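Shared between the two complexes below is chain A, which has chain B as its partner in the first and chain C in the second.
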Partner chain A sequence: MRLITHNMLQCHVKGCTTNNFPLQIQDAELETLEAEFNPGFVQRLIPKLHWGALYHTAVSLGIEDLPEQMPEEVTEDLLRAIHKVALETRVKEGKAVCLGCGHVYPISNGIPNMLLQDNEV
Partner chain B sequence: MSTPAAAAGQQPEQLEAQHVHAVYDLIADHFSATRYKPWPVVDSFLREQPLGALGADVGCGNGKYLGVNPDVVMLGSDRSAKLVGICRERGFDAMICDGLMLPYRSSAFVRLRSDFAISIAVIHHFATPERRQHAIAELLRIVRPGGSVLIFVWALEQESQSRRKFDQQDVFVPWKMPKRIYAAGGAGAEGPAADGTASAAPAERTPDEVYQRYYHMFVAGELDALALATGMCSITASGYDRDNHYVILERRP
Partner chain C sequence: MSGGLPTPEIGHITRSDYRNVYEPAEDTFLLLDALEKDGDWLRRRSPTLALEVGCGPRRQPCEHAIDRPRCADVVHGWRRSGSGCVTAFLGQVLGASSALYLCTDINAFAAAITAKTGAVNKIPVDSIVTHFAVGMQQRIAGAIDVLVFNPPYVVTPSEEVGSRGIEASWAGGVDGREVIDKFLPLVPKLLSPQGAFYLVLIKENRPAEIMQHMQDEYGLAAEIVLHRRAGYEGLCIARFWRPGTVEKQ
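What follows is the complex of A and B.
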């Protein structure tokens, strides 16, 4: 799971409406899959990211390439950092935990399982 | 051809679990090997999306549409863990989820200036009109106002040269999976043959394994009506292509 994908995920357990984003990644094993760097592409992604969620998730995973606040001036260095963190860094193993209701979504072999049990729907 | 009438009394969730979810997990590898060529309407829809657009492929199967346009971010998802595993092997990013409960933050898509979702050959697997409409509403929920949704479903009206003929809308469609086993006592039973080639053991042909997939075959106009019934969209385009009905929807503000 790329971190850009994580940036879009929200807990969808029935009745879980507060503190359901972002999911906290725990017990993570990371991997990197290189992708072609396209500055224009990354620039267009910026307004679609929840910056706080991306920043804090990255920090929780030991990645400190991003500034806490989105700088006003977008440099190529920043675009490269976003590219590396959001598009190339993947969670291979671990779990995504909802801080609102405690639901655990397992991540195995790079794949998050977002299915719920019948009683959670 | 057997029909879901045989499964009368089954809840739609059970029918889908048995005759959609379980079957795709069983046939995933063979299914994937037969799904590589993008359909032209889907291909051009994806290529028309602007640089940096974010899109969801709900029911992405083996991921054949996840890499069509490298200038967009695709979020792939499927109900079949086996098919999502195939996406992963191909280097794509996909997740296991239910098409009636997509785990995306709605605002993620609202923030976009251009956004879209596709659902190709998926919604015909939901077993009631309510669940099919719900699946369409869920696609519309995750795209921003003005964003577009492309949906393909199988048509009851199959082209004349098609092998398939259906006389009712709710049917089981068999998936025949060729099954080869090594002859009993042959080298294959213990792994590679003595000469070192994996396929040297005499293969014995057994009857094909047949799995029944549930389909609701859409009639002309049915998909459009179902989409409009959500009250969430207008129709940008609709048509018929290669035994399928399709529709392109625009999300209302």
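What follows is the complex of A and C.
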């Protein structure tokens, strides 16, 4: 799961409506995947990002390449930083934990499992 | 294939893997052809976020299909879980670094194969194990630029839909529409203003009725991009989009 994908995931346990995004990544084994840098794509991606979630998740993983606030001026350096953090950083193993209800979504072989048991839906 | 783009490399998927995932067949290839045919149309809309929805456990070995009386009906239904082939191809159409490619599947094995297919074809594909877009819906609402669904569309008894047995892998229930009809209300929620939705259908699903419904209920325009008679399935690829959205020149 790359951090861009983590940015799209939200807890969906029945009745869990507060503090359900972003999921906190725990026990993470990180890896770097090289991807071609496409500034136009990263620029288009920005409006679809939740910046705070990306920033805080990155910091929680020890990645400090992003500014806390999304700058008004989009520079190539910023696009490269977003590319590196969101598109090249992958959680290979770990857990995505909801801070609202405590539900744990496992991440295995780079793939998050968002399925719930029948009684949680 | 009609055009220039090669079919994605899927040689890493073994015979035994195909007990769990869908081996690309006529419906897949028609979908690839439709995406290639629509390439210019899609690229003009500068898609950023693509989502292919997979749909469930595929544990139907060949011999089982053969000993069922409606085996001819299920031949395209029994292996419908994503292999990643469609998204890998979409990545070739749009460009590996031009969009984010997300794939969901309820089957973890299929999700892993999908990710691998992406890697082998040098398309970064992010797999998520989930049903439809559950767990992502809030965040990707109104953000999906290309949405693709090859659903279980085979006409079967209702009780086979979503069962825990292997028949859930192809069962579309009454008119083959039960899974499709559950998914359709999500489409207007997921699509971005310039988004497009590609859906594989057979004639028993009554494509014209679905297209009219999407127009009346959600104001989505619809057209058949391609159709082909495969056996007697009468396959087609329908595309839905928001009319009047300005295409970038």
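In this section, the second predicted complex is superposed on the first by the 121 of 121 C-alpha atoms of A that agree within 3 Å, B and C clash if a C-alpha of one lies under 4 Å from a C-alpha of the other, contacts with A are read in each partner's own complex, and residues count from 1 in each chain.
As a working rule, contacts are C-beta pairs under 8 Å (C-beta built on N, C-alpha and C of every residue); 3 or more make two chains touch, one makes a residue touch a chain.
Keep in mind that this is a model prediction, so the values were computed, not measured.
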In the superposed model on chain A, is it clash or fit for chain B and chain C?
-> clash
Counting only touches as set out at the top, which of chain B and chain C does A:M114 meet: first, second, both, neither?
-> both
Once the structures are superposed on A, label A:L45 by its partner contacts, choosing first (chain B), second (chain C), both or neither.
-> both
Which of the two partners, first being chain B and second being chain C, lies in contact with A:C11: first, second, both, or neither?
-> both
Partner chain in contact with A:F37 - chain B first, chain C second, else both or neither | second
Contacts on chain A seen with chain B and repeated with chain C across the two complexes | 1-2, 4-5, 7-12, 21, 33, 36, 38, 40-41, 44-45, 48, 50, 105, 109-115
Of all residues in chain C, which touch chain A in the complex?
-> 46, 48-49, 95-100, 102, 106, 108, 111-112, 115, 124, 126-131, 134-140, 143
Chain B contact footprint on chain A (complex, rising order) = 1-2, 4-5, 7-12, 21, 33, 36, 38, 40-45, 47-48, 50, 90, 105, 109-116, 121
Chain A-facing residues of chain B, complex = 50-52, 54, 70-71, 73, 75, 77, 79, 81, 84-85, 88, 91, 93-98, 101-105, 108, 111-113
For the chain A and chain C complex, residues of the former touching the latter | 1-2, 4-5, 7-12, 21, 33, 35-38, 40-41, 44-45, 48, 50, 87, 105, 108-115
